[in-house]
Each structure stands twice: as structure tokens, then as C-alpha cells.
Amino acid sequence: MFDSKYIIIGLIIFVLIVTIPISYNLFALNKCEVGVPELEILPKAGDKCVKSREYMRPFHMDLLNQWRDDVVRRGDRFTTGPDGKLIEKSLSNTCMDCHSNKENFCDRCHNYASVSPYCWDCHIAPTEIRDTDLAIHVEREEDN
Amino acid sequence: MIEKALQGGKAYWTLVIILLAIVGVGTLAYLKQFTEGLTVTGLSRDVSWGLYIAQFTFMVGVAASAVMVVLPYYIHNYKKFGKITILGEFLAIASCVMCMTFIFVDMGQPFRILNVFLHPSPNSLMFWDTVVLFGYLVLNLLISWTVLGAEKKGIAPPKWIKPIIIISIPWAVSIHTVTAFLYSGLAARPFWMTAVLAPRFLASAFSAGPALLIIFCLILRKYTKFDVGREPIQKLAVIVTYAMLINVFLILMEVFTAMYSGIPEHLDHFKYMFFGMVDAEGILHTNLVPWMWLSACLGVLSVILLVVPKFRMKEGLLALACIFVFFSLWIDKGMGMIVAGFTPNPSHGVFPYTPTFIESMITLGVWGLGALIVTVLYKVALTLRKQVDTNRYRA
Amino acid sequence: MSSEKELKAENLLKIKHTPTHRDWKDPSIDFEAKRGNWCYSGVVKSLKYLDLPRPETKWAPTDEDWQLPENWQEIILDGLRQRLERFRTLRVFMDICVRCGACADKCHFFIGSGDPKNMPVLRAELLRSIYRKEYTLAGKLMGKMVGARELTLPVLKEWFYYFYQCTECRRCSVYCPYGIDTAEITMIVRELMAEVGISIDWIATPISNCFRTGNHLGIQPHGFVDSIEFAADDLKEIINMDVEVPINKKGAEILFITPSADYFGEPHYFTLLGYMMLFKEIGLDYTFSTYASEGGNFGLFHSHDMIKRLNAKTYAEAKRLGVKWILGGECGHMWRVYHQYMCTMQGEQGNLEMPKSPITGTVFENAASTKMVHIAEFTADLIKNGKIKLDPSRNDHWTPTYHDSCNPSRAMGLLDEPRYILENCCNNFAEMPENTIREHTFCCGSGAGLGTDENLEMRLRGGLPRGSAVRYVRDENNVNILLCMCAIDKATLPALCDFWAPPVQVGGVHEMVGNALIMTGEEERKTDLRGEPYAAKEESEDV
Amino acid sequence: MGVDRRKFVKFAGLSALGLAVNPPIKVLASEETYESAAGTSACSGSCLTCRPAHPPENATRWAMVVDLKTCREHPECNACIEACHVSHNVPDFPNPKDEIKWIWKEHFGHAFHETDHNYLSEHLKHSNALLLCNHCDNPACVKVCPTNATWKRKEDGIVMMDWHRCIGCRYCIAACPYGSRSFNYREPKEFFAENGRKLQADFPTRTKGVVEKCTLCEERLARGLWPSCVEACPYNCMTLGDLDNPDDPIRQIMHDKFTIRRKPGLGTQPQVYYII
Amino acid sequence: MTLWYSLILVVILTLVGLFGSQVNGLQPLFGIVLPYIALVTFIIGIIMKVLKWAKSPVPFRIPTTCGQAKSLPWIKNDNLESPSNTISVIGRMILEILFFRSLFRNTRMEIKEGSKVVYASTKFLWMAGMAFHYTFLVILLRHFRFFVDPTPQFVIWIQNLDGFFQVGLPIFYLTDMVFLAAVSYLLLRRLADSKIRYISLAGDYFPLLLLLAIGTTGFLMRHFTKVDLIGVKELTVGLLSLQPVIPDGIGSLFFLHLFLVSCLLAYFPFSKLMHMAGVFLSPTRNLANNNRMKQHVNPWNYDVKLHPYEEYEDEFREVMRGAGLPLDRDPEEEKK
């Protein structure tokens, strides 16, 4: 073999770069348990949700987007839930009513999958409410 | 051809690095604005457009002024403008980019800027302004690059470019007209609500732009071997003269209408500009006064220098006149025009506006970007020209 | 050969650069119809003298049967395997081409002929297809689908046709994102063909001449002496001075080697006169050699072995004569060998010294290992140090442009020295368009052993880009002479210029030096080295 | 809309969403309100007792009448402004240039500039006018918006805003002759956090870099609630109604009283009418 | 024809990936076994190929010089185009590898006005090449959010920058657009330019089509058909921490995407994609142009038949004497 010095160093660098994900996962200091984040068991659990879990997992953002346009641009505020009851199309008022813990519900998955929705730039999460039903001190948290 | 911009001497690279540094400073300042919001500017609820939009307005004029060299060269076949035309087109490209950047930094939600195209609103003149400005940039890029490319190859430009050049001429007029419409259609702002605004914009553009071009030509002659010749500069000087005269004439029209009618809603803005105004607390605000008088004086001086042929023929004095024209109009359009439209506000409140340091740095950064683009493009043009010319001249 | 009638510019200019629908993997070529595009096969005498295989076989490209040895495929494939092991270039270039096509319109032969297989990428594919069949799994399994081909006689004939339509100019390599060098591939394929006895006469005979007599033209020692003396006589008539030229002089400080065409060919000859004047003026202690009377090395166009066989003479002669270092004249491929091959092939030369100009004292550190300096470097150094006086107005009747020869520009990087010399020797120098000079320079279309008459059509086609550039400066700047530093250029460009850009003449850089050189104690000269009267001395108007 | 409203009335009974009503202010002021309302001449339907519990359904042209006469009798009262700004999470930035206001008081002479003169009646001269978005019939802001982030609702004439779409170009601010629009020069949530002000959970804040203004509490109207300001005013100075409906109480008021509008000459057709 | 071969192959692979992963019990094959095989093939394949290249020496120093060489001290050496030392070579290689310097030089030849050969500046291939390679890199880095847990900060920065313009939800990434556009351009260019179409092989279309398929499935997954991201991440992190699992309910599109990526990885070492490694090893670019300065050694240099001066003089002695040339050995002198 010729120019072995350069070529072997080059190949080692190549292998190291390609296997970064593996070594990161195996040796990273802040190694986490492998597996899905556990989602909060809802206090008001039930089958009241507007859509099924299978639909919601991948498509909830589409639904919220749709709701947003319905409400803001078309003034179309209500829909019917699976049990035939009237549901207001509202993230803060409807979804977060059941899924009241943003950290344990939204953030866990979003953080795991590194998704940073900008909903919370404006909308107020129930976790921002403390002590009183109506209003709270909002602590500036990383909204992204 | 752009590779020519990557080969240059020490002076060139020094200039490029200085300009990059300026752009860098502007970028840092913008990052601050980006994280903290437009509160870092001097803008307020009452004066909601300021330096950025004013500079944008001024630069649209500079961009449009390219037509003053394109038209004689391509349509009237005035061959003496051969060397200057490409400089004018490149100046237009840089100005267009500056305009877009000024708009961008003025946005409260820059990430949503594509909404202009995703949710187009043909009622809005801002939508049309975006469209014509973008179109003008594309037209100029296409024309200058094609013509220069053909010249580099030593062949005639392709035939399809001719109609595009012809389109670009009314297009240039349209960008500044639409920009004027941006303001002149607003019932809320009597200062802008004048039919003469678009013509005035064009007149000031056709004097400020070519004045800048003359300054560039003189600088290029001094520091590079590129000489456009005396005659085209004089021709441009005549254009500057007439455009400036028309501009002064139109301003006087405005002053007359406001003064003679005496309608406070029209008059107050002129008062604020030239004499200052008292706010609710009784404090006199004269932010614009020195600037506007300076602008007026420079304007008058420049007219004297330009109108008398003996002065105009002397290139030193011509350069001075051009600098006067440019600064006079820059103050007029780039400071007075927009801010005075907002002061006093529709409720006749006086809330003066002064650009902040951050705002000025961002503005400087955008100017730096424009200067960088001009430098790089002129470098390309000059290098290619030199290659074509040295052959021609040495034989 | 094509008839005179066909070789008209308007006929040659009917070029279509859009390939026909025929798949490139079809190798068939109608040699009869393509006369004027290929070269004749090597003659017995030359092949025999060089101990090349199959010397007695008389075959012509138009023959159906090329009388190859029975195991010719085996020989070639063995040879290919061996070379894959010897040349990383070959190995890498076979594997990494992405067929982006950047090289396609960079080849002068493609520009001039429109023959798609003259695109460098396809020229390489001609070999790569065989490589795929033999050395890649996909090629073995899927064959034509992945661009693999069997090595058949038509393929070999195709090789012969197209690899003798490559002048190894390396222009494609400049644009290739991976630096794939078609010259390298051409050299290997020509070697492989030589192993089964396929060579062309225009290469084999000069090699054999050079091996025997020391120069390509086959000039024997006394002929060499005669021609140098003849040149000295000529020079006396022009400058009215005696010029003494040492030959085979032991103990001289410098051995001077230049292509043999300089002694005989025109316009090379005027360059030789230029050297002789220059050396006399500065009083250089140098010598010519009859044994190493050739700078050029046609071995480069044949095989690595041949390069070495011919090149060995340079150092051997330097050692025998006891010189300190070697000075090389104007030539193209000669310098590719001296610059890129000689020192590696022949090893370090302990007996030679670090080249140092005896006139200016400049040490040529860039030649520290080979101990061989280019005449342009040497002369530029003289001018820079003010050791010679030049009167550029003596070249005012010339408006020169400069043609970078492929090898000094793309294999050596010798670009500014000749320009520096010319700017000091001429007032009217003008450059050709930038995409045709320096590293972008176009080949004369006749290099790499293709400068013969039987393939004149292809030469003229290949010369189109260069001819077009010359015509451009002729029309724009009134250029009337094309200067170059390559013996092959000087031999072939006159025909090219006559065809594409008449009446532009061809000359050498040192011809201009000779014209402009003010010699100590000189008398007024009436004419330049060509016998052309000088331009009127009065202030001529600048055009 | 109508269908929604009916849906909502049923819905509101079922859900706990009635909390959106802002009770404290109302409770404090209720008695006084009753008296002062009774103090005015013939009841025009704009008093608490006469005002129906819910705004009319299927309104096609909302309009507001502001009774400045009554309003200026209580210069210290800012109940409407507070109610509005609390329920919409409008921050009160200290620096006036960052100011955001949906409904505010302005000197009468400024608000009605064209009617100002040196000998204006004393009580007008030193009074303030209550200003808010005029929800013009021919809104200048809508015309200029390059992204349709603000638009006039065909159903009921409200000039609406989509804060998800606004790019913050502030063209609408330049175009509005009434100064009704504010721009978020700063991040509002940061302000709330820094100042310890309470956030209303069922209404979003805005993000920095968007324009905002009064939306006539369209979110409340949809739920069958009067706008915060209307509801909060202890003196019933504000009356909201459907101008297209001849039976709507607002028509009666308009019929009975002389009303003026701000800058009528500009042709924007503002839909806030003032009794002076 | 070659295009059709490649297209059919990609379609077959797509069908295999789409339906194969739905067959009961085959999910571990598509989700675990094939990806591991592909990754190992990729790494080992590249190493083997490079070692094979390395086994051949570089006998001669043959850099292509694209600028003035280092010669006299007062002549400016273009050290990036004609490097004379290692540092300059590294500079040249950086320009070549990171900025595609040689391709940047590209021109387009045209014959105009009868016989004028002219050269148009053409940067489209360079631009598309740069756009393709760099967006591919960014997309790969963005995928780290699926590869490792927790997601490194730099990935989040890249995401934020890439999704700067908030269009769509999930936000459209600029690089996705540019990537698909660049690959499409490279493919269309092969079809539209008759010269390039002529030289194109199945091996040229196949990777482009495969990349297009990979990009499209990724894009579809993000914006249209959607998959369960949590499941996806569970699977990929499992793979890359060597504890593979197959969670339930991941959409089949993901398995297709993964399968196509595996195909690309496995195909890589046996294809022209090896230019990734080859660009480092090209002797016309990675050698210094210091041929006359420094000795370069050819490891297999062997002796050849020469024609030494002695033989030469023997052959030409008479004529040399006749011409008055000095002789090394003169038998007549010796006789005397």
C-alpha cells in the first residue's frame, strides 16, 4: 500500500464520522433510556377526544391548523365530538382542557422528536396558570 | 463571469473586506432587532415607518434611474453610453437588492414574508411593489448578464434580449410609480396624498441616480483604468440638470398648493419640516429642520452649478454638483418624505422620530451590502471590459 | 487522404455537436470513409530497431484483419491488469467518473469534429467499458446495460482510431471536478496497443531515429555540425558578427538541449538564431551535444518505457561532458518529460550542480532536483536583472500574440515568463480571448505524434478553436504573428493559420528576443532574423 | 354565524366557559350604573336593564354608538379600557412609543380635529373622547394589507385580523386615519412575565412584530356575549347593535340623537357613532 | 434505454419496500436486518475500495497545473492552482472538495457567426452540484434528531434556520425544496442535453432516481401521509444504539424510505458515487507541482534498454571525426 499514512488516517476519520450517531448513543454522557417518552395519563381520560389516537398522533397539527383557519378566517367555531357533543375548536379551551399539562403532554413528545411549534408564542398553556383559575403570572419559558 | 470578482488586487480586496465588515456590523445589529423586536428602533405607534422605508423609497429611485442610460443607449442608439450602460444596470441591481433588504429588515415578522406570495392581495400596492421590484431585479440581471456575456464572447447579443430591454424601460418607470402610489393613495396621510408624488419621485430619481453614476464614473476614472470618456458624463450631467429642475419645480408646486390653500392638514407637514412644531406638552420639535434647510440649500447650490454650462463642463464642479444633488435628495426622500408624512399624526399629535443607533447600524449595513454588490459587479464589468479593451487599444 | 476540394473551411465547419442515435457501445468504424482522420501504421525498420512486438507484420488500418497475435486479448488484458496495479491514476480514473459532461465540449477534436466519441468522457469510456467487463461485478453480470463491453477486434480498432485522436493536451482535466486526465488514459491505451504491435509510423520512426542518432530527424553528427555552422553563417549576414557555437565540448558549464526541428525546420530556425545571438551576447559557457541533440521525446506518445529510453541520454550526456547543469530550449512535450518524468525515471543526479545563472547569479531553486532550467526562465531572469539590452521597436512590424502550448501551461505552469519576455521585446503584444490562453489554452490539434499529413483533416478540425482565436485577434488587433514555445506548434501551426487565419505567421519567443537584442558593438541591422525589413523608425501612429 | 350562535347558547350552558365573562368590575359598578342609566331621559334601550342578555343573532352590520355626554361625566372611569385590555391580554408597555391600545381616551380636540376651534364649549374642550377601531365599511387598512391578514367580514362588517398571517409591515397603520392600530414592537409575553401582570387564559397574546387592534370582541359575540367594553361600562355609554335591522335598539338611538363620526370626509364610513 | 432500466429498477425497489414491509414478520427484515447489512456494506465497501486504490502507487508526479508555477522569486506563484508545497495542495483540495473549484471554471462552447468559436460562462452545473451536495448534507444533519437522543443543539439550530420561512405546518424546509429541485435539474439535464444523454449509463440515472425517491418519500412523510414520529425515532435510535426494536404502527412509507436509503448505502461502494472518496485521491489534484524541486520516487522503476554514448560513437565515429567533433575513444589515435 502506498501513502498509507494519509489513507489510513483518512479512512479512520471516515469511519468515525459515519459512526457518530452510534458512538453518540452508546457513549454520550447524558445517555437517556432508549424508548418512547411516557405520556401523561389524563385525569379526565376517556374517549371524548375529537379524533382517535391513531389519527391524532401523526395529524394533530393538521387538525389544529384547520381549526385555526376555521375559527379565525371563517368564524366557524364548533364541531361535533365522537359522542355527538358540541366541541369548540380551540387549542387552549378545548384540547388543553383535558390535556392540561403541557409539559407532560405536548413537550415530552415534541422535545423527543425535536419539534418546536410556535403555537405557544401566543397561546397560553394551562401550565402557565397557577393558583387561580383565571389568570397567572407567566414565567418566560423557552417557547421554542 | 462572476469568477472575475474573485480575482483582484490588494485595493479591491481591502474594499471588499471593509464592506463585508460593515455588512457584518449591520447583521449583528439586525440580530439584536430580530431577537428584541422593532422596539430597538426609534419607530413608534405614531411614526411607524422610518429610516428603513425612507431608504427603500430613495433606493427604488436609484434603481429606476438606470433607465436614463438604458433608454438612450438601446432605443436611441446613443453609442457613447456603451460603457456607462452596464454600470447603470449593475447599480440598479444593487439598488433593488438594497430595497428588498430594507423591506425585509422593516418587517415585524420576517419569517412570514413569503405570505405576500402565498396569500397575494392584488388590492395592496405593497403586493404590486414587491412584484415589480422583483421583476425589475430579474430583468436587470438578465439584461446585464446577457449583454456582458455576449460582449465577452465577442458576438452580438442574442435577439431575444431586445424585447426584454424594451420591457425594462416602462418597468423602471413603473417601479417608482408604484412606490409613489404606495403613499399617495393613503387618505390618512394628506402630505403624501398628491397626484404629483409619482412624477416628483421620478424626477428626483432621474437626478439622484445619474448623479451617483457620474460620481462612480469619476471615481472609476481616478482609481482604475476604466474611463467612460468625457462626453457621456456631460450627457448624463444634462440629464441630471433637467431632472433636478423638474424636481425643484414640482416641489415648489407642492409648497404653493399647501401654502396658498392654507389647509392645515397639508400645510402642517411643511411647517414641521422647515420650522418645527409644538406638541401637546408645548415642546417645540425641530428634528428635521436643519436637515431640510440643508437639503434645500444643497438643492439650490446644485441647480446653480448645473444650470450654468461653464460650471457643469468643469468636471470638478460637476462632481460637487452631483454630490449636492445626491445628498439634497437623499435628505429629502430618505428622511423628510416619510417621517414628515407621519408627523403630525392624523390626530394632529406631534411625536417626533429619531433613528436609534441600532437602526442606523442596520441601515449602514444595508448600504454596505449595496456597495459590496456594486463593487463586485463593477469589478466583473471592468475586468471583462479590460480584456476586451486592452486588445482593442493596444493594437 | 482527403482531396484538396474537401478540405475547405466551409466544409469542415458543418459540425453537429448533437450525437447521432447510434449507441456509443457500437465500436464499428469505416476507416476507408474516414481517411484524413487517422495515421498510418508503423514501418518495419523502426519497429525492428526498437525491438517492438510484431515488427514484420504489415497491416493497414483499412485492413479487415490486423494480423494480431492469437492471444492478443490476453496480452492486452494482462497489460491492463499490470497497469492498474502500477498506476493509481488509472485505477481511480476508471472508478470515479460521474459522466457529468463538463469535459465534453472542452476537447478541440470534439469542437472541430462533433464526433461524440471525441468527448473526453467517452474516449475514456472506450477503455472503461472493457475495465467494467473485466473488473466489476456489475459489468460481468449485466454487460451492456451498465456500459460494459467485450474486448473485440472492432473495439481495438476503435481504440486505434480515437486514442490517436487525442493529443494528450490535458485541457479536459482542467475542468474535470475530479481531475480525471484523459492524457493519462490515452498513454496507457497506446501502451497496451503497442504491446500487440499497433503503433503509428509518425511516432515509431522518430523514436527509432532518436534512439539511434540522438534526434527525431535522424540527423547524424556531421549533419548536425553542418547545420549549426550554416546557421552561424546566416547569422553573420544579418548581424555581421561571428558567432561561435561549441558542440560536444567537455567541461562547458551548461549543456543546451533544444528540439531538433530548431536546426532544420522553419520557423523554428529563427528561434535557434535567437538563442545563438543571446548566448553570444552574454558570453555563455555552454555546449550543444550531438548525442543528446533532441529535446523532444516522442516516447511520451508511445509508452513509459520509450520515454525513459530516449530521456536517459540527457543526463548521460551531461555527465559525460561534465557540465554543471542543463538548459532546455523552447518545446512543449519535451518539457512535460523534463518536468514531470525525468527526475523520477532517471533518479537524482549527484554529479550536477544546483543551476545558477552565471550572468546574474540567480539560483534556480525551482530546478533544484532536476538541474534543468527552461530557457524562458533563464531569459526572463536576464531581462529582469538588466543584463541584456532590448529595443522592442525592432519588432514593431510584428503584432504578436502568444499561444500557450499545452504542456508548459497545464503540466508545468510556465505562463508568465514568456509573457514577461515578450512584453520587453515587443510593443504590440496582444492576448487572445481568455478562454483560449494560459491553462485554458487550446492545442494545435497535432500534438502527441499526430502532426502528420495523412490525418490533416482531423488536425485542421482540432485546430479550429485555436484558429478561431487567432482569427479573432487578427481581426480585432491586426495580429500578424502567432508566437509559441513548442516545436510541434511551430511545425504544425503554420498550416493551421494558413487554413483558419491567413496570413498570420508563426514564430518563437526567442526569435523576438533575437530581433530586439542590442548586441555589444553591433552595427545597424537592416532586417530581422527572417530577412524582413524593420518598420520605419519614425513615430508610428498607434492604430 | 347564526347556526354557531345557536349552537353556542346550548353549549355555554353545558360547559364552564361562562368564566370568560369578567365579573369583578361589573359587580363593583352595578348599582351606580343602574342609577345613572335611570337618570338619563327616556330609556333608549341602552341601559343595563333594557339591554338584552345576549347581543342579537345574525347581525349583518355591527355598529356602535358611544355616548360621550355620559362618558365625560366620569373622567376618572376607565372600566371599558381595563376590561378590554385585560380580556385581550393587551400589555401596557411603559414606553409610549411601544404603546398598544385597542380602546383609549383621547383629547376631544384631537379626536375630532376638524370640529375643534378656540371657542368650543368648555365641557367639550377639556373632555376626552373614547376611541376604538371604527370597523369602517370601507376600511383603508384592509385595502392596503398585502397578505389579507386584515379583512372585513362579509357577514357582519367586523374588520377582523389574523395574527397568524400578519407580516408586520405596518402599512395598515400608515393607512388608518384613526390611529386605531398598534404594533407589537416588543414581545408581549415578556412584558406580562416581567411585570407580573395576569394573563387571560382563554385568549392568546400576540407575538412581537404583528399589528393588532380591536376586533369588536368577535370571540365574545360568537358566544352570545356583549363585548367586554360594552359590558364593563358602568354607565352604559356604549351601545352595540345591528344597523341593518330596523328594529334594533341602536336604530332608535340613532334616530333620537344627533351622532357624529370621526373624519367622515375620508369616505371610510366609520361605524362608531358619537353622541356629543 | 438506460433510463428505463434504472427507472424500472427503482420502481421495483419501491414496490418491494412498500409491500415487503407490510408482510407479517418481515418488518424486522426491513427495519433491522437490511439497514444493518447496508451500513456495514457501505463502510466496509468504501474501505475496501479505497485500500484497493491505495495498493497502486502514484509512479509519477503529474498534477494538472492551472496557474503560474513557482519559478523565479519575482514571478507570482498561483499557489492554489499550481501548488508548490503541501499547504498549498491542501488549499487546492479544500477549494476542490468544498467548492467544486474545477466545475466552477466550466464554460459552454458555441460556434457563432459561422466559424467563431466562443465560450459562454456557465455555472448551472456547478450551482446544481453545490446545491445538491450541500442540501443533502444539511438534510443528513437534520436527521440527527432521529438518530440520537437527546437531539444535539446544533441540529436544532439547523432546523430553525432551515425552516426560517414559516410556510406550512410542519414547516417546509428550504433544503428539501432545493434538494428536490437540484436532483431534478441534474436528472433533466441528462435527458435534455443530447450530449449528456448520449454518455449517460444506467449507473448515472439510477442514483438520481433513487435519491429522488428517497427525497420524495421523506417529503411525503413530513407533509402528507405522515408517520408516527415517536415510533420512527424509537426504531432509528434503537438501530443506532445497537438495541434494535420494531415499534408498532409506524406507517409503511417509513419502511419504504428506510429501505431505499439502505439500497443507496449498499449500492454506494460499487458505483460512481465513490467519487466521494476518489476526489481526495486524484493524483492530478493532490500533488504539489514541485517536480523539478523535489525528487519523486517511482516504486516500480525498472531498467530499460538504452543506447549509450559508447555505442553511438562506435557507430558514428568516422563522420564525427570528419566533422571535427571530439571523440571519447579514437582507435586511430590509439593506433598511433
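The chains carry the letters A, B, C, D and E, assigned in the order they are written, with residues numbered from 1 in each.
The rule is short, and it goes like this: a residue touches a chain if its C-beta (ideal position, glycine included) is under 8 Å from a C-beta of that chain, and two chains touch if they have at least 3 such contacts.
Since we're looking at a predicted model, the values are computed, not measured.
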item	value
Contact-connected components, chain A excluded, all else fixed in place	one piece
Closest chain to global C-alpha mean, per-chain Cα centroids	E
Chain pair whose interface holds the most contacting C-beta pairs	C-E
Farthest chain (mean CA position) relative to chain A	C
Maximum centroid distance from chain D, chain identifier (CA atoms)	C
Cα-centroid distance, chain C relative to chain E, in whole angstrom	32
Rounded Å distance, chain A centre to chain B centre (Cα mean)	47
Distance from chain E to chain A - Cα centre to Cα centre, in angstrom	38
Multi-chain contact residues (two or more partners), chain E	54-58, 105, 116, 118-119, 166, 281
Shared interface positions of chain A, touching two or more other chains	2, 118
Where chain B touches two or more other chains, by residue	112-113, 118, 154
Residue ranges of chain C in contact with chain E within the complex	9, 13, 15, 17-19, 24, 51, 84-93, 95-102, 104-106, 111, 116, 119, 121-122, 125, 136-138, 142, 145-147, 170, 173-181, 184, 211-214, 220-222, 224-226, 247-250, 290-291, 305, 308-309, 312-313, 316-317, 320, 338-341, 343-345, 347-348, 362, 364-370, 372, 377, 380-381, 384, 409-417, 420, 433, 435-436, 438-439, 464-465, 468-469, 471-472, 500
Contacting residues of chain E [partner chain C, same complex]	2, 5, 49, 52-62, 64-72, 74-76, 78, 81-82, 84, 96, 100, 102-103, 105-109, 111, 114-119, 125, 129, 193-196, 198-204, 270, 272, 274-275, 278-279, 281-285, 289-298, 300-301, 304-309, 312-313, 315-316, 319-320, 322-326, 328
In the complex, chain E residues that touch chain A	42-43, 46-47, 50-51, 54-58, 144-152, 155-156, 159-160, 166, 169-170, 226-231, 233-234, 237-238, 240-243, 245, 247, 249, 251, 277, 280-281, 299
Residue ranges of chain B touching chain D (in the complex, touch as defined)	36-39, 41-46, 48-49, 103, 106-110, 112-113, 115-116, 118-121, 123-127, 130, 182-183, 186-189, 280, 341-342, 345-349, 351
Touching residues on chain B, where the partner in the complex is chain E	1-3, 111-114, 118, 149, 152-155
